[in-house]
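Structure incoming, see below.
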Amino acid sequence: MTLLLLLGTSAIAAIVLAFVGDRKYAHEINIAGSAATFVASVFLAVEVYWNGPMLAVEDFFFVDAFNVYLAVLTAFVSTTTAIFSRRYMKYERSHGRVGHKSMRFYHAMFQLFIFAMLLALLTNNVGVLWISMELATLSTVLLVSLYRTPSAIEAAWKYFILCGVGIALALFGTVLLYFASEKVFGEGSQGLLWTNLSASAGQLEPTVLSLAFIFLMVGYGTKVGLVPLHNWLPDAHSEGPTPISAVLSGLLLNVALYALVRCKVIVDGATHSNKSGYIMMAFGLLSIIVAAVSMLRQKDIKRMFAYSSIEHMGIATFAFGLGGPVATFGALLHMLVHSITKSAIFFAAGTASQMNSTQDMSGIRGLVKGNPLVGWGLMLGTVAIAGVPPFGVFTSEFLILTAAMKDAPYLAPIFLLGLAIAFAALFKRVMPMVFGEPAPYQVSIKASNVPVIAHLVIMLVLGLYMPVFLNDWFHKAVELLR
Amino acid sequence: MTGQYYPILLEALQVIIVLLGAPLLVGWVRMVKCWTQGRRSAGLLQPLRDISKFLVKDTVLAHNASWIFTATPYVVFGATLVAGAIIPVVSADLPLAATADIIALVAIFAVARFFTALAGLDVGTAFGGMGTSREMMVSSLAEPAVLMSVFTVSLVSHSTSLSYMVHDITTVSFVLRPSLAFALLAFVLIAIAETGRIPVDNPSTHLELTMIHEAMILEYSGRHLALIEWASMMKLFLFASLGISLFMPWGIAGIDDPGMIPVALVALTAKLALLGVGLVLVETGLSKMRIFRVAEFLGMAFLLATLGMLSYFILE
Amino acid sequence: MDVNFAAQINGILAALILLTSFGLLVQKRVYGLLHIFAWQGLFLSISTAVVGYSTGLHHLYISALLTLALKVFALPYILYVLIHKLHIHKEVEDMVNVPTTMLIGIALVIFSYDLMSPVRELSSLVTRSTLAVALSTVMLGLLMMITRKKAITQIVGFLSLENGLFFAATSATYGMPLVVELGVALDILIAAFIFGIFFFQIRTTFDSLDLKEMEKLKEEE
Amino acid sequence: MPSPFDLVSASIVAFLFISLVSAFLARHQRFLVNFSSLLSAAACLLAATGGFLAVLSGGVEAFVLPIGLPDLPFYMRLDALSGFFVTLVGLLGFFVSIYSAGYLRGFLDRRSVAPLIVFCNIFMAGMILVLIADDAYFFMVSWELMAVSSFFLVFFEDEQVQNRRAAFIYILIAHIGAILILLSFGIMAGFATGFESFRGYTFEAMRSAEMPAVWASIVFIAAFLGFAAKAGVIPLHVWLPEAHPAAPSNISALMSGVMLKTAIYGILRVGFDLASEPQWWWGGMVLVFGLFSAVLGILYALMQDDIKRLLAYSSVENIGITLIAVGLAMIFAYVKMNTLAALAMAAALYHMLNHAVFKGLLFMGAGAVLHATHERSMEGLGGLIHKMKWTAPLFLVGCLAASGLPPFNGFVSEWLIFQSFLLTPALPGRLLNLLIPLGAAALALAAALSARGFVKVFGITFLGQWRGKAGFEAVEVNWPMRAAMMMAAASCLALGVFPTHVIGWLDSVPQSLVGGGIGMTARASGWLWLTPVASERASYSAPLVFFFIAFVIGAIYLAFKARRVNVRRAPMWDCGFEKVTPRMQYTATSMSMPTRRIFGFVFSIKESVRAVARQGSLFFPEKYIYHLKVRDRVWNYLYKPVSEASFYFARRVGKLQHGRIQIYLLYSFVTLVVLLVFA
């Protein structure tokens, strides 16, 4: 019940906003919708926490420790993003970067996007998972090109085509999956239910599944933004409006990774080998290194942090590939902390580029003097994302690293090298932006700092003290994923 | 009944020897030098006369001389005298010898030098600075060298405490060792450098291009100058007797036999006299080096000393 | 009509689909592309219907109809309208030389055949052999997107890739569950609208649908 | 009666509390300064007492703080080793806190001191937490807490670009070091039991971890390099001479005085406590690194004309000296000579204590000079002894101590290290036997050179005549600063004059680490006499030496008083050349010229003299311009290649982002095909 409420809220919000999305109170509706979703998700979470995994609507939905926490995370980040986007988009609007229709479109699509992701997370049907992933892509494509600038359109086009092709390949993988499962479950949607597949993965045909996994890997991997399938990601993040960048790298990548991991579980169950794990580790390492190195030479602030998202997704992928309780725990935690931190950073970065009316990092200076909250927000966010304690990212990276040291000691140095380079790049770029004398053209604007502060506080708490229920969830999830 | 006074008497004797012996040694050296150069000498006591003369003369201070400048002579003299009270000259069981071993001894000399160098900078003349800079260059190379050479001896004698070293070398473990030979050679070179003799420095010049020690104390006069001069004489005497008691201590009074002391005195005088002659021969034979040759000279000394220590570890 | 016969028909249709996607690969004229694409959709829907008939799975009829509606009429029509509106019907693009493309295409067909042979052994379906064709259609669609320089041709390539997927779904598994089928169809429809919007946006901002215009976003030297 | 651990943890809470409160008191700057300095001074005292008692009792206290991950709470442990370092932090922290009360006033009307105070207290807390952490996770958290807070402190004055650059280099090297440390912890945890259940991260589990010798060596090397990066061991020292001048002086005092020591703590912790299977060459490696740092560090120091840079390089030297002792201790411990190992370790600890005190004093003095003149380069200073009547003698004490001259503390520890060299018997292993004399030689050289360096610092800065802007009048600094420096100077003297007590106190540390001690033998013949092993091997009586020198000086002084001659002031002797100006004095550069000539091969020197011609005259130029640039060779040999390589790689990778969508599609296509073929 809660579940339908959860999905329904965002769907309804989307529809409503499709009509009134350009009114003055649209922002508040947007916030309210997201907030309601968040509340619903919390209730759902509590339910699941007490009663354990649950199936709903004749097995169409399946909620367990793994996806429920991602659902809560999605709802939460969407709420804070809505709060942030209120002032942000008002400013954009007042500076004539977006028009009436666009605002309507923006709000509707935002909610639709949330809906798609929640659906992807909660559904039990691998096919529907695919559909909602596609839906998530489609709903954001036109948001990326919201500003109608040539580069925005180009970015959106690349996003559309690359993700379209990727997702198509994923569909092929899904077809193969169904092809294999059909022999076990016969015709009908039973054969696509994740619960059935994972339960009786042993009977599925290994060859087909390993084939299927490759397609799923390439397909969903494109959306996760793994190198070398990542090329849409920096463009889309840097050209879209900041709230969208925040949810893209904070949520969409997570959901894609979630889909991938779900499929991995089935495949591993069938093939009884960790071949898929090795593939994921390879992708992860490649992403870490390439992204870290690319960050060294970035000029656009959002672009740089987009690369950092690639790096962190690489870390999580690597960890999931590594397997084992510690690594998986770390990976789950990493998905959480990365999305919270990264969205906070995007908020701060967005405000910063509004203040200096440029996204070029060489043009942004002395934020601390201009607006201490924004400056420190960006600085601390960078510190956190760079994996420095006492912020949560460190915890997950610590666990993943040590696990890597134990299970794959010869890969660990590469991993560490990547981290070091990324660290250097981040600090080299961010310090001049935050400190020093502000640029003359810098204006101080009314930015909503609540989301940034909230996220950073959460990160700090997570770094120093992890609540027991979260820990239990992760352990349950780890159990599910082994 | 003299038993419990014996150490005190011995210490007193030692201090007197150092205080008076130093000017006498310098006087002797100058005398021999005059003879070798066919001049009439001013006599053995001339240095003593100089000192007493300085002591009664007025003192002139530069306008911006600070308390460092006035304090330095006292510190230098005090440090050197304490050093003199530590090195066994006539008897191995010098009571104060235990207060500071050979490393501490070198450090005490370093204190004296440190303050001299500061005094050189204090007034702010070009000369003082030049002297300080050069002196510190010399010392920074000489000090490790002297440490290394005495380390070799203390490795041989399994002790760094002077009296035990002397005792050990006279009585127990003296065989002809390559390490000691290296150490001795190094020590001689350094002693020349440290006491500011030709070919490193010339105590009797005031040519700005050549002087080192004199440049630092150029501003001193009167009783300050007296203290400094006296201290430097003592330094010469002490290095001589240190070399003697480390490398040729025979004839020195061993642990608790007071009877030997007169003999020891005679032996000491003889050795010092010989050393003086040797020094004169060196100084008349050689001419002063250019300042940056000194570095090579000392580097060689350092190398020799290290070789000595190495050869102890490798050969013995 | 007995199963083997259906299988033979299906085989023929598969061959035709493959042929059409080769045709797409080498066709220069925009209208030509559309026609070939429409033909492909037709073959696809027929084969779906045949499979449905021969196996008595009636939801396949629905998907056959969907295919017919979308792939044969709706999409080509939308594209046609767009081309007309944007005055790009004369656009004839120079290809990177045809023989190479053809060779690569053939290589891909062989590759996917080889790839699918193990899967083929596993399957008991009459239509199993067409899985290879489906995969090669996908591959060829991808190849087309790589080799073509115009936005519109890329879209066509993308759609034929989708055809391959549909074909795989029907031939390999007698169609996905209906929910999925509908969802996929819906997605494709939305996609169609989106690229429609895109064409206008691109056209208005770059006044050409040539992808060379859209190579600004890259790591500057 | 609270236990030592209670005191220490109380101090940590206090520090965090202060930083929290200060964050909200940013309005009332003046109040904030006094309040925070006072409170943190009290907290430091708490910590110092706790550490002192812990070392005194030599007991072990453990505690588990139920935060962090539920499966991995924060384990804490206070034993003799941690206690010693906590004492260090507390002691110097106390001086510096009092100093800050005066020093921070200098910022009051220029900029907000709130961040400085906030991060400074976090920094203190972080350092103490590092010392009492007892599991890898908590250790890393506190380690990075320390690093990051000090990083913010380094560029507290963030307008200058070079400060930001310094901070960047600092944080980067610190982070790479941290990663290396994490590497070694990770390996140990991996071999420890209960890794799967998060229990392997505790130091307890690591101690009992069994691992093959190769892995043990990797663990040690990684840990050593990681900590060396923090300690500023050459060649990882480059951040240090950048960061120390950039940071405010009270912070540089803390960083150089105690933060570097926490790295040594880490080396001791891993080398003696955690790592199993020690190898014979571990000690040798540490020794060699120590030698290079000691000699090169002081040589670089001699070349500087910025006081704080010079002091920073001298910290490199002293860390090197400490590592020499540590290396000796490891070697002795390996060959099971516990007494010798204890001697060497006691020497190392003692030297760290001394260095903390005198380097703290020197940095505070440098801060005072900066505070009074706003001039960091010695070339613009001089004659301050007449203006700063208190600072000058206190700074002099620091210089004497740093040059290892009796009766001050620096000498005692160097003496102990020399003793442990000289007591070395023939060791198994030819290499080690060669190392010992070379080590002694290098140490002697470093000691002598450091005297040279500090003559330069004091002489040029405080003596002679004012070289700076004409008509500038420096004024003595305020009381809190003076008081802090006085206390530091007093403890320099005390540590130098009563070594036996100190050694008796810290004896429990070697007892616990190498299972031997010199506490008994050191005091065998009374507290007056320091006899490390036996009185016939070596003995040194600091009190007596001090007393006798004082006595002789006093005696002469009185003798002169008895019959006084008149002293008159006169202009200094100008060789008959009338116009002697302050510009004719020796400068810092000319002071160190002989060293440049002798050891020139060590540095990369750019030297140029340019004549500015006077119009109309060919022969008599207007003036000569002398330009000198001395740099670490390490920069060109190590750091430039690395950064250039990474940027080159970055350019190459950037080419991947080609911009053409077809190319991107090709990537996916190729990836797919490759995977299909190979997987």
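To keep things simple, chains are lettered A, B, C and D as they appear, and every chain counts its residues starting from 1.
The rule is simple: a residue touches a chain if its C-beta (ideal position, glycine included) is under 8 Å from a C-beta of that chain, and two chains touch if they have at least 3 such contacts.
Computed from a prediction, not measured in an experiment: that's the story for all the values here.
Participant: If you apply the touch rule, which chains end up adjacent to both chain B and chain D?
Facilitator: For chain B paired with chain D, there are no chains in contact with each.
Participant: Once you count every C-beta pair in contact for both, which comes out on top, C-D or A-D?
Facilitator: A-D
Participant: Round to the nearest whole Å and give the separation of the Cα centres of chain C and chain D.
Facilitator: Taking the mean C-alpha position of each chain, the two centres sit 70 Å apart.
Participant: Distance between chain A and chain D based on Cα centroids, please, to the nearest Å.
Facilitator: 44
Participant: Please report how many Å separate the Cα centroid of chain A from that of chain C, as a whole number.
Facilitator: Inter-chain centre distance comes to 31 Å.
Participant: Counting only Cα atoms for the centres, state how far chain B is from chain C in Å.
Facilitator: Centre separation, chain B to chain C: 101 Å.
Participant: Which positions in chain A are in touch with at least two other chains?
Facilitator: 157-158, 161, 165, 169, 211, 234, 294, 297
Participant: On chain B, where are the residues touching two or more other chains?
Facilitator: none
Participant: Residue numbers in chain D touching 2 or more other chains?
Facilitator: Within chain D, the residues that touch at least two other chains are 651, 654, 656-657, 661, 665, 668, 676.
Participant: Taking the top-of-page definition of touch, could you list the pairs of chains it picks out?
Facilitator: Contacting pairs: A-C, A-D, B-D, C-D.
Participant: Can you list the residues on chain A that touch chain C in the complex?
Facilitator: 125, 127-128, 130-131, 134-135, 138, 141-142, 145, 148-151, 153-158, 160-161, 164-165, 168-169, 171-172, 174-176, 178-179, 182-183, 187-189, 191-192, 205, 207-208, 211, 234-235, 238-239, 294, 297, 299
Participant: Okay, in this complex, where on chain C does chain D touch?
Facilitator: 111, 115, 142-143, 145-149, 154, 211, 214-221
Participant: Which of the residues in chain A end up touching chain D in this complex?
Facilitator: 157-158, 161-162, 165-166, 169, 210-211, 214-215, 217-218, 222, 228-229, 231-232, 234, 275, 279, 290, 293-294, 296-297, 324-326, 368, 383, 386, 388-390, 394-395, 398, 401-402, 404-406, 409, 412-413, 416, 419-421, 423-424, 427-428, 431-432, 435-437, 463-466, 468, 471
Participant: Looking at the complex, which residues from chain B come into contact with chain D?
Facilitator: 56-68, 74-75, 77-79, 81-82, 85, 96, 98-101, 103-104, 107-108, 110-111, 113-114, 117-118, 120-130, 132-134, 136-137, 139-144, 147-148, 151, 154-155, 158-161, 164, 218-219, 222-223, 227, 291-292, 295, 299, 302, 305-306, 309-310, 312-314
Participant: What residues of chain D sit close enough to touch chain C in their complex?
Facilitator: 651, 654-662, 665-666, 668-669, 673, 676
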